[in-house]
Amino acid sequence: MNGLLTLLVLLPLAGFLVNGLLGRRLGPVFVNVVGVGLPLAAFGVAVWAWRILEAGGGEPLIETVFTWALVGEHVFEVSFYLDRLSAVMALIVTGVGALIHIYSIGYMKGDESYARYFAYLNLFLFFMLLLVLGRSLLVLFVGWEGVGLASYLLIGFWFQDVDKARAGRKAFITNRVGDAGFLLGMFLIFTAVGTLEMDQINEAFAGGLIPVGIATAAGILLFIGATGKSAQIPLHVWLPDAMAGPTPVSALIHAATMVTAGVYLVARMSGVYLEAPAASTLIAVIGLLTAFLAATIALVQTDIKKVLAYSTISQLGFMFLALGVGAYAVAVFHLFTHAFFKAALFLGAGSVIHALNGEQDIRRMGGLSRRIPWTSGTFLVATAAIAGLPPLAGFFSKDEILWFALASGQGGAFWLWLLGSVTAFLTALYMFRLYWLVFLGRSRMAPEVAEHVHESPWPMTSVLVVLAVFSVIAGWFALPQYLAPLLPAPDLRFDWPILHWALIVFAVLVAVAGLVAAGVLYGNGGRRAEAIERRFARLYRVLAGKYYVDEIYERLLQRPWLWISDRVFLRLGDRILLDGSLHGLAALARRGAEVLARVQTGSLHWYAWMTLLGLVAVLIWMWRYV
Amino acid sequence: MTIETVFLMVFALGSLTGAVAMFFLRHPMRVALALIGTMVSLAAIYAQLGMHVIAVFQVLVYVGAVMVFMIYAIMLLDVRDRSFTERFSPLLVAGLAGLLLLLGVLIDGLLRGQPFPAVDVPPDAFSVSTFAIVFMEQFWVYFALTAVLLLVAEIAASAVIDIRRRGQDVAAVRAERGDDHG
Amino acid sequence: MSEALALNLLLFLPVIGGVLLLALPERRADLVRGLAMVVLLAQLALAAWLYLRFQAGVPGLQFETRLPWIPAWGVHYHIALDGLNLLLVLLTAFLGPIVVAGAFTSITKDVKLFHGMVMFIQFTMLGTFLAQDLFLFYVFWEAMLIPMFLMIGIWGGERRIYATLKFFLYTAFGSILMLAAIIYLAHTVLSADGTPSFAFADLYELGLGVQVQTLLLAAFALSFAIKVPMVPLHTWLPDAHVEAPTAGSVILAGVLLKMGTYGFLKLGFPLFPDAALLATPLIMTLAVISIIYGAGLALVQDDIKKIIAYSSVSHLGYVMLGLVTYNLLGVQGAIIQMVSHGLVAGGLFLMVGMIYERCHSRDLADYGGLAKLLPAYSVFFMILTLAAIGLPTTSGFTGEFLVLLGAFHSAWPQFEQGVSYPLVLASLAVLGIVLGALYMLRLARRLLFGEARAPVAGLRDLSLREMGILGVLVLAVFYIGLFPNDFLQKTEQAAMEYQERILAARDGEVER
Amino acid sequence: MDDTTFLLALSGMLFALGLVGVIVRRNLLVMLMFLELMLNGVILSLVVFTQMLGAEAGAVLVFLVFVVAAAEIAIAVPILLLLVRTGRTLDPGAYAGLKG
């Protein structure tokens, strides 16, 4: 049915426009209907489109909307492309998105700019769908920057607080750095291939027409864009600060959908990366490094949302590890499962914060499981899922990643698997630490907070339950096989099923070890953990300081640029050199005039003498030279 | 060395001494007399050259009219102020240097000048009659014009003076009345 | 009515308007404003009609009028529309009514003279764009300075005398060199084919030696570079903008700055192709320096108008970069960027004017949290800020994307032949979009977010008139952002000719 | 050195002395007289050339110069009188303020 994808994309846009313009005047109920109704409708359309896709046997649906620009023989078209990969992404975006919208009704009740919140959220869905369904890199880039804008607006939603506005700006600038890399990659591909349509690009690269050098360069540049958006090592600094936004925003944008855009990009452009082994190994290494370092930082964080933020960065690192070793389908599978349990965790955290009336510091929580049972239950399920305990979703996807990290023919290596397993252990450790400190043990809550802890209203808890359920069953969808025709699994270096099963068992043991270690360390109020922290005080300070990455950037990038702009460009360049020379010329003219004026002394004798000199000069000139 | 050259030399020397004397004489009247001496020597030179009309007019106009008028001025402005006590201006040395420079240039000019092609001059070229004929036939127009211009200048001058005087009278009257109201 | 006649009417409409203005009594300011609005709206309608009638893909000039003006020197009154000036004429006509509407409340002194000046500026600017005769071009080019000089001088801020003198002398100095070059050109044309002619078409065919071309290009380029402004010659812009009244700033940023780049596009490079090719690395370097230098300076200013003035330097750096790429993407991107900057910078200056009208302060430190006090104002300000950053779906993105793509597209083959310098410059230019985001968001954060404070209490939000103006501007920005194809089709033919004229000089064949 | 060169030299000297006199002497009246001396020097050279070339027009021209000289002094002296009536001195230094 032509126009379906366009409808899917335009629904959230309509939500943004209607709420943006009329929302304030027509009251929260109208905002709820539009703000939540349209994403749900979008989810329905997405499911319908997916069924059509399946009915057509996986044939991609292509819809050309209009020609954006026609320059010479270069054609830039705005067209949508639905194949299995983008269908999965669209379903996640609209599905989890709709759930989070429902959750937001409860969470944001009573906020004075209620309509604006839902308008921005719908705007985000519009741009995310544009990103996911776009056929050409240009449309993807429009969605790419659009979600950057939406996250900027939503992080700085409570703009009265200067820090939140500054966090929003930091997020946008860091994303923008990634986008600069993305643009360069896009230009390179355009120059090499001549078009920006992603499917044609994959064919061109697969066809071997493009030299490896260009493929590697394009791969790395696009990866820079991905690190910006998916908060990998060099450009991850913005995600922890992005927690300044409302919690549902963190859940939707900074956990489930936007940050996975980078993963989607690399998966979609698998054609390029298959031709560029160097780029793939770079991705794997950076992904793993990010995963490991983020996990270590998460261990010592005291703010509940910061822990989850670093956990997201770590899980994204895992996905990039999978992409790096060529297991594109597995990465998307992990993305799929991660969307559910991470959204559940964040919304759970939101519910905890809502219950404790804004308290976010886990050192002043504890013993909440009895007070807010539904939240604690769903949180436990999600924690188990992310830790990778067997029946749940996390176990299936993470285990696949570790297996391909070891065995993949395209760059699989033992140390990748080893560090991956250590990170898996750390993941289990910090997640259960979080659970232990927040829900179990003695209550360390401030008295006035403690007595009116209340369970969240039903819209919030119902969403939590749904997400918890999906966190369980998500693993059972055999997504890698479903995406196989599109993203073939890499050929294995060695295929010994016994080793595979052994690794699975080992992975479970690692997860359980993590759980036990957390229990031991943080069992009775975390006293034993504090002892260890005191002994390794210096290491603890480095981890707590997040490896001082922000300070390094501030000193290496921000301050020099400000210094150059102010001292070199403004003071030296403009004021002294340019304006100075102008004023110098003017002064020169004025002083010259003064010197000449001194000849008029007023004395007749002087004038006569001047006349005599003039006469002499004329005579000499006349007689000698004429 | 013909007799004429000797006479010329004498008169030239006369005019030069007069001119140089003007530098040193303190009282303007004596300077005026020295100048008259110079002018008369010049008239003599003109006569010696055969330009009798010019010589006569030189004496008549210059000495007669110009210097007399100057002497009246000197009589009216008999002021014994600083210009009397200090004869020379602050630029004395500069002036003398200028003099040497100028003379040097003039002499250099003269020495390098090409000799003049001799033109045969009829002996009575500059008699009174030829002067009168030439004056009356060709050039009377210019002199008539000059005369008219001078006349216009005088009328204008008197008109200006008249306006100014009447203005001053009115101002004077107003000043008196002003004092009453003041 | 034939199009050529309409074009002449378009040009002389402001003059007629100016004359009618004289008839109105000075007291009746509203009548004066009404008439000015009517005349300029008529001009806009005419320009829009001509735009629609303009056929894409037709080579050469359209709606031409060519009358002998000074036969002795071969000077003709020769005006016409072609792909290069079409959009700029439309932009000038579009900004006219906006400027007058924007100045309803801010201009109270000498209202009649002010609107006379606006008419005069419109007339001279349109003249410069439409002129196809070098002599006529130069006459309008110089005439344009007078109204601008008076507008800043009379209705400006405190240091207006210094600012307007600096502006006038700077630009006039540049033009004198150009005059010398024109005279030389006229001289060579005379001797070349006997019949003296100033028409661009003849001048393009003039095969001058490279050495001569370089000198002439230097003279032309200096005059245009001052107008653009390119970095070393830009110090007049911040002063002129800070001291100019809102209307003056909008015209200055909206159209006057485009004179320089249009000069390069129409006259500078096509007339002297060999010299242009020699000068390309230099101009490309200056363009990228302008981008980064402008972005840097905009970051450390505390005066809002100066921030936007320096952002203009940065944005026009992109335009210059686009011009020297000599491929269709870059050149058409440059033209779109010119129009986009006209709309965005014009809009931003209007908004600064509106806040200045309310609070009489341009210092960023006095403001904060306007989003709370003036919600409608903040929405429009945020949209224009995003357009200035070049966010997709806005016109800023269309311009920047095509320019950067063009720059990369022309730099890559050179990189493969070993010349890596243009590629480095193209990458630095892409870095520019980050710097752009840096200073614009700093401005937005300091102005709109944070705790609400403003020098004057009890601010009232945008009036209907102000919202109308900004609404029209924002619609135009989004239209060019989403549907630029129509504009691109109409300018493609002229851009192709420009490109062929220059590349033909290099290697004879045309590289698309 | 025939007569004409000698007389021309004399006219040059008279002119030079006149000019230097104006520079050197302090008294305004004396400066006026030196002006007259300069004029006489010029008239002398005019006469010498007229005599050499035998041009009657030269004589008429000399006559005109006399007229001009008379007119010139007729104007110079009254101006001087008015000037001195206000400045009360003949020293040109006192009138330096007139430079404007």
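A few remarks follow.
We call the chains A, B, C and D, going by the order they appear; numbering starts again at 1 in every chain.
Please note the rule applied: a contact is a pair of C-beta atoms (placed from the backbone, for glycine too) under 8 Å apart; a residue touches a chain by one contact, two chains touch by 3 or more.
None of these values were measured; they are calculated from a predicted model.
Here A-D and B-D were compared by C-beta pairs in contact; the pair with more is B-D.
With centres computed from Cα atoms alone, the innermost chain of the structure is C. The chain with its Cα centroid farthest from the Cα centroid of chain D is A.
Inter-chain centre distance (chain A to chain D, centres taken as mean C-alpha positions): 98 Å. One simple way to say how far apart two chains are is to compare their mean CA positions; for chain B and chain D this gives 5 Å.
Put simply, the C-alpha centre of chain A and that of chain C have 37 angstrom between them. Separation between the centroids of chain C and chain D, computed from CA atoms only, is 68 Å.
For chain C, the set of residues that touch two or more other chains is empty. Along chain D, residues 19-20, 23-24, 92-93 each make contact with two or more other chains. Among the residues of chain B, those in touch with two or more other chains are 89-91, 94-95, 98, 102, 106, 109. Chains that are in contact with each other form these pairs: A-B, A-C, A-D, B-D. Considering their complex, residues 3-10, 12-14, 16-21, 23-30, 32-34, 36-37, 40, 43-44, 47-48, 50-54, 56-57, 59-60, 62-64, 66-67, 69-71, 73-74, 77, 80-81, 84, 88-93 of chain D touch chain B. Residues 603, 605-606, 609, 612-613, 615-616, 619-620, 623 of chain A are the ones that touch chain B when the two sit in their complex. Note for the complex: chain A touches chain C at residues 66-74, 138, 141-142, 145-146, 149, 152, 156, 159-160, 162, 165-166, 168-169, 172-173, 176-177, 179-180, 183-184, 187-188, 190-191, 561-562, 564-566, 569-570, 573-574, 578-579, 582. Interface residues of chain B facing chain A in the complex, by the touch rule stated above, are 89-91, 94-95, 98, 101-102, 105-106, 108-109, 112. Only residues 600-605, 608-609, 611-612, 615 of chain A touch chain D when the two sit together in their complex.
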